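Across the two complexes that follow, chain A remains constant while its partner is chain B and subsequently chain C.
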Partner chain A sequence: MKARRDIKTILILVISIVFVGLIPLFIKGEYVLNMLFLLCLYTILSHSWNIMGGYCGQINLGQAAFFGIGALTTRYIWVAGYPFPVALIAGSFSSLILACLIGIPTLRLRAHYFAIGTLGVAMIALITIQNALPGVDFLPASLMSDYNPTIRFYTALIVAALTIFAVYCINNSRLGLAMKCIRDDEEAASATGINVVRYKIITLMLSTFFAGLAGGLFAYYYVSYYYYVPFELMWSFDPVLIVFIGGAGTVVGPLIGALCYVILKEIFAISMGQVNVLIFGVVFILIVLFLPKGLIGIKKR
Partner chain B sequence: MVTAYIQILIYGLINGALYGLVGLGLALVFGVMSYLNVAHGALIMIASYACFWLFHLLKVDPFLSSLLIVPCFFLLGVIIYKILFDSLKRFPEGQKTKNSLLISFGLLLILSNLVTILWTADERAVTPHYAGFVIQFFGLRIPYIGIGAVLFAVVVSILLDLFLSKTYFGKGIRAASQDHEAAAMMGINVGTTYLISFGIGVALAGIPGIIVSLSSFNPSLSFELTNKALVVIILAGVGSVYGVLLGGFALGLAEAIGVLFIGATYREVIGLVLFVLFLLLRPQGLMGKRS
Partner chain C sequence: MCATNESGISFVWGIMRLLEGEGLFKSFGGLQVIQGISFSLDERETLGIIGPNGSGKTTLFNLISGYLKPDSGNIIFSGKNITGKGPSDICKAGIARTFQIVRPFVQLTALDNVAAGRSYGREPAKTLKEAQEEASELLRMVGLGNKEHIYAGDLTLLERKKLEIARALATRPKLLLLDEVFAGLNPVEVDEALRLISKIKSMGITMMVVEHVIKVILNISDRVVVISSGSKIFEGPPEDAIEDKKVCEAYLGEKYYA
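Up next is the complex of A and B:
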């Protein structure tokens, strides 16, 4: 029974990734490409949050700091002349290092203190960057000449596919089991011999690694932006909304959440500005209150 | 030169009074029922808008409008509690905090976006005729509004402390915060106590809202205010009313001293760094005892 369900999940994932990959072949235009890229970006970012928040139950509101440092480092190394894959990996390791520096001390905190402690870290990063790097980050002309959004989209798609695969593997591993155990009852987990602090650190490092990847892709896709943009707090808040609406602690849930989010954002961004966040807030509260398993939980009922 | 330093410290104290008031409502709700209401900043901002419209449409003095805003916010708090938070009280403590954090986080997003949509993101301020008045004092300048803020903070703290320690109902709130099961067995209606405490917590958001409205404000302030409230309750712990007020003053002074030595651009960072340090090294707060 479990094996059959697994095959079904894999099939759904593969079909949806291939489907997204095929869309640009049939519908041309930068608008569609842009939306599909955002879909990949939000999938990676929300899965990175899902690893920590959905599987391990630790609410991390500092994801923007890790996303931002990934973007900053990737852009810097890429512009310095190294090939992009090197820069991307370096960027995600930079957010991993940041996680070791500030994340591990904050993990000693109890659950809700962890949430507000990481929020504090994200705000420190945002304000510091706003003051230290007030300008706009432009791509130099040499890199602009071979700018091609299609290639960039497919890079993002590959990274997204790898991320989903990684989360799928975590879901079915001992590590995933330990993470779910910690989420459900930290004391019981520790009593059954799970080294809670060690697993939390591993989880945080995995989570921030993927957040750094997402940041790197942001720096790869967008030609110019203010340095502080990838540090904005919405990069912390959006994944929380997406993951809970789709279904926390599942492989498919964040995909559904990201799809809803990108579509809603597109519909309302044109007509009414910020209404999408308002609607998402309302849906988010309703889901936390009445559907703790997210949209994906409807089916299982 | 010395006067300039003292002047900055005075502004720090005035800001500190505001921070203390901002933290008070959050601390009450968190202390009594372990709900971490991060929407507190948004509620304060809405009070600022209420004050703004009362002043502009009906010419009500901002300090007088507290008589109207505070009872309305109490009702608002009761309604919010009934709709959103009542169902959480059956959870164990950690779960309660986490779920209330998530729900109030959604509420924070809703309220701050709603205000932006309704009244745009423009900077606004309430400008009564005494807005620019200052008291000159040995070369120091103390604004009237600052004196009002400090007075307000002290009076509200004293009233709240008297309510909690002297009245029967206040004692009930303290009993429920120490052990809600034991309190229920002693004949205290914990459900009503929670409802009223949440109402008071939201009513307490009305007062800092008035002070905020006297300098310029906009919808993005709600995040900043929530953040200040969190810093204050981490600095002070949630044990006592005066502790929270002192935590507010401590934050205001720390920011002022930071501005002296590092510069105004990093003012926000100073509070946050303090906050993270306290979280790591002294999670029970300045006044709390290690449990």
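Up next is the complex of A and C:
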């Protein structure tokens, strides 16, 4: 019974990834490509949040700091002349190292205090960057000459596919089980032999690694942006919204959530400008009240 | 009378001493909850802990299982000093516990609840699949064989208690601490749970049982320790405990015992 459900999940995932990959072959244009890139970016970022928030139950609102550090480091190393994959991995590891530094003190905080602590980290990072690097990060001319959004989109798609695969593996592993136990009851988890603080740190490192990957792809795709943009707090809150729309603690949920989010944001941002933030606030409240298991929960009911 | 072999494990008349608490003290602020309790437990023995409400039974359990650190005193398990170690380390050393108010992982299936114990306890399973296979056997043993894929949050109280025992057993404990397993069960359920505990006893697992239901204590314990206001007031066979003057005083008050 369980095995059949697993095969179904894999099939859904593979078909949707291939489908997304085929779209640019039939519908040309930068607009579509941009949307598809955002879909991949949000899938990676929300899955990174999902590992920590959905599986391990720790509400991390510092994701923007990890996304931003990933973007900053990747861009820096890439522009310095190293091949992009090297820069991307380096960027992810910089997020992971930051996670170790921040996680060891903050993970001793529980529940809401952890959320507030990590939000503080994100805000500190944002303000620091706004003051330390007030300018715009331009891609140098040497790298501009071979700028090709199609290749960039496919890179993001591959990374997104790998991220989903990684989350799928975590979901079906001993590590995933430990995370879920911690989410359900920390004291019972430690009575079961799970070292709660250690597994929270491992989970945070994994989670931020993927946040760093997403940040790196952001730095790869966009030609120029203010240095502080990848540190903006929306990178903390968007993944929370996406994961809750789709279904927290599931492999497919964040994918559905990211799709809904990208489409809704496009509609609302064009028609209503900044008011779209208000709309998403209302959407979030409605989801939490009426669909606590997200859209994926409708099927399971 | 007492000898120590080269591996540091002490023997009393050839029986292995599994757990020993030496002069344990614990206070919360100005409240002395445990006042110098010493006790010992031999391998394969079942020790019953009884005492009025608030006498410190659960605190004693929390000291042994690492949820609280004693202010002073030592806890020796299998010849090793485990005082002050964290709950997960103590579980890995071979002491498993259940909670007075059951705490299953409600969003996980019964199978995964037990598999968690098998994955992270003593001698943990290498893979999730291996853990789940053994978990399945344990669920059948406690009588939840047909509930494998039910979420723990959807189980009845008795089923949750059984699940928690299965999860504790999955960590391969040398010592099992049962904290009021029978509280909140009806008489029929008490009998069923009693059969399960007897079964665990026959498997050779040492147990320490906190219980209010006297029938249970008389039935399963080899020896009883009675605690009142944080001190040990009686130790001996369970039949003698209910006859003891001090014990009756602790439960009923001096005036009623005449």
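The rule we apply is simple: the second predicted complex is superposed on the first by the 299 of 301 C-alpha atoms of A that agree within 3 Å, B and C clash if a C-alpha of one lies under 4 Å from a C-alpha of the other, contacts with A are read in each partner's own complex, and residues count from 1 in each chain.
Methods note: a contact is a pair of C-beta atoms (placed from the backbone, for glycine too) under 8 Å apart; a residue touches a chain by one contact, two chains touch by 3 or more.
What you see is a predicted model, and the numbers here were worked out from it, not measured in a lab.
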| task | In the overlay, answer first, second, both or neither for which of chain B and chain C A:Tyr227 touches. | result | neither
| request: With the two complexes superposed on chain A, say which partner A:Val282 touches: chain B (first), chain C (second), both, or neither. | output: first
| message | Between chain B and chain C, which one contacts more residues of chain A in the superposed model? | response | B
| Now for A:Tyr55: first (chain B), second (chain C), both, or neither, which partner does it touch? | neither
| message | For A:Ala178, using the defined touch cut-off, is the partner it touches chain B, chain C, both, or neither? Pick first, second, both or neither. | response | second
| request: Please work out whether A:Asn131 is in contact with chain B alone, chain C alone, both, or neither, and reply first, second, both or neither. | output: first
| Touching A:Val196 in the superposition: chain B (first), chain C (second), both, neither? | second
| query | Thinking of the overlay built on chain A, is A:Arg108 touched by chain B (first), by chain C (second), by both, or by neither? | reply | first
| field | Interface residues, chain C side, partner chain A - complex | value | 65, 67, 86-89, 91-92, 96-97, 99, 103-108, 112, 115-117, 119-122, 124-125, 127-128, 131, 149, 167-168, 171
| request: Name, in rising order, each residue of chain A that touches chain C in their complex. | output: 1-2, 172-174, 177-178, 180-181, 183-185, 187-196, 249
| field | List of chain A residues in touch with chain B within their complex | value | 57, 59, 102, 105-106, 108-113, 115-117, 119-121, 123-124, 127-128, 131, 233, 237, 240-241, 244, 272-275, 277-278, 280-282, 284-285, 288-289
| Interfacial residue positions of chain B with respect to chain A in the complex | 36, 84, 87, 94, 97-99, 101-103, 105-107, 109-110, 113-114, 116-117, 223, 227, 230-231, 234, 265-266, 268-269, 272-273, 275-276, 279-280, 283
